[in-house]
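We call the chains A, B, C and D, going by the order they appear; numbering starts again at 1 in every chain.
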Amino acid sequence: MLLNDVAALNRRLQHNHFQQWLGLTAVDAQPGEVELHVPWRQETESSHDGHFVHGGILAALIDTAAALAIRTIIDRSVRTLDMRVDYHAAARGALSVRGKVIKAGRTIATSEAWVYNADGVLAASGRAAFFFLASPDP
Amino acid sequence: MLLNDVAALNRRLQHNHFQQWLGLTAVDAQPGEVELHVPWRQETESSHDGHFVHGGILAALIDTAAALAIRTIIDRSVRTLDMRVDYHAAARGALSVRGKVIKAGRTIATSEAWVYNADGVLAASGRAAFFFLASPDP
Amino acid sequence: MLLNDVAALNRRLQHNHFQQWLGLTAVDAQPGEVELHVPWRQETESSHDGHFVHGGILAALIDTAAALAIRTIIDRSVRTLDMRVDYHAAARGALSVRGKVIKAGRTIATSEAWVYNADGVLAASGRAAFFFLASPDP
Amino acid sequence: MLLNDVAALNRRLQHNHFQQWLGLTAVDAQPGEVELHVPWRQETESSHDGHFVHGGILAALIDTAAALAIRTIIDRSVRTLDMRVDYHAAARGALSVRGKVIKAGRTIATSEAWVYNADGVLAASGRAAFFFLASPDP
């Protein structure tokens, strides 16, 4: 099943423990693009005083949004092969992440994602390569 | 302060909300190398049935171990500039992650990290570049 | 000196043996963006029969365009810290590469670049992080 | 055919225009590992005065050595999916590059490579993911 609307994306996010713990919700879906809302939670912060979201959390957001962007146009389960994340500015509070397909081939797709602070500052961005699993996604 | 023994590393891990939530503990420290133990917790899993640890968690482990490896030899706070993660096999249950410095310059260092399942299978690996902050780490 | 027009970019490309050998010429310059033309030459190909441009050449194009995009807005020499390249389709014949700044900070900038075949097919894309050298560029 | 000795690797390097132009020769082959010698040539330098080898050339070396390392143990043509390169120090003169397999799966393999100056200084390192083409390599 294609995950090409907000409702389908949100049902999928509910089937993933970590994404559920992060409290991710889809707020936009276009062909090849998704946007997720990321609420603040203290356990995701990197220090007791600085109030930055941990870089590993930002990587998880990029992985998730990049994968779901592919699922808006490809009806196959995908597995992340590799990912690059660039950190641009401190991430604080509630965030948004936008994923977008760069290129989808027959067995591999590449997509990118952009994490923003609430004030629109780009906190992190990255790209990942995904492999399509043989069976269509249930 | 250099974090060049297991006790110093574990004190540092306690000052980070997300690393504390992950339950990370240092189990080895050598000059330019660290090893962390990662207990299993259900919230880090990627699906309700597959019991895989989420790729974003593996990225967080690589970021953390790669950064701490630098802190065994460099007495400066470091900020992650960018990271690459490769996913090799499903990660399940308790894990270990080993970080190792590739090259430390005057303001930038690069290190790598390797995430293993309890049976020794390599689940993920990666590398990251770090920038040294101006002030010595408190 | 900022390299913020096609003439300044082309003068700079002439001061680099490898970029000169590649025959690169700037064809567009905007604040934070450049486009280069890449003529075909047989020595850049990957095999004697397939007529693909070698992936290392595409990496060189991405590195070059990503660096020059920064030089349109930052008057400092830059050194590449690291780069990621994704290969999407075979590159053949004359190519174009477009570089664009993602984020420029005080000492580090990140930019991306996109390599196209003459028919507009995306052959490769990537991103790189750059460090600003202390002295202004002569 | 596996390329599991120096002679087989050198025959393969001869079938690639760009690798031939670079003058690459295999000097060591182990299961999952290769080492190549890289002669100096002026056209690969980055500037008219600094005498640094261009970062794109180092990327080409990493791509080539990482791919050939796989070919010592996998009898399939491989295509580079993506690559990361880290630049550690200026590369000057004749170089050597050593490639090593990180993990080989059924359709994807990841390997790393390390570029050294003649004095043993690590100039660059990186890793790449490769896809196995369907047909065995002729």
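What we mean here is this: a contact is a pair of C-beta atoms (placed from the backbone, for glycine too) under 8 Å apart; a residue touches a chain by one contact, two chains touch by 3 or more.
Bear in mind that the values here come from a model prediction, so they are computed numbers and not experimental data.
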Check: Of the other chains, whose C-alpha centre is the longest way from the centre of chain B?
Finding: C
Item checked: Chain pair, B-D or C-D, that carries the greater number of C-beta contacts -> C-D
Checklist line | Inter-centroid spacing, chain D versus chain A (mean Cα positions, whole Å) | finding: 33
Notebook entry, point to check: Hey, how far is the Cα centre of chain B from the one of chain D, in Å?
Noted result: 28
Next item on the list: Averaged over CA atoms, how far is the centre of chain C from the centre of chain D? Could you give it in whole Å?
Entry: 21
Next item on the list: Can you tell me which residues of chain C touch two or more of the remaining chains?
Entry: 81-82, 84, 86, 110, 129
Next item on the list: Could you pull out which chain C residues touch chain A in their complex?
Entry: 84, 86, 88-89, 102-103, 105, 110, 122, 125, 127, 129
Next item on the list: Under the touch definition given earlier, write down the residues of chain A that touch chain D in their complex.
Entry: 81-82, 84, 107-108, 110, 129, 131
Check: Mind pulling up the chain C residues that touch chain D in the complex?
Finding: 15-19, 21, 42-48, 54-57, 59-61, 63-64, 79-87
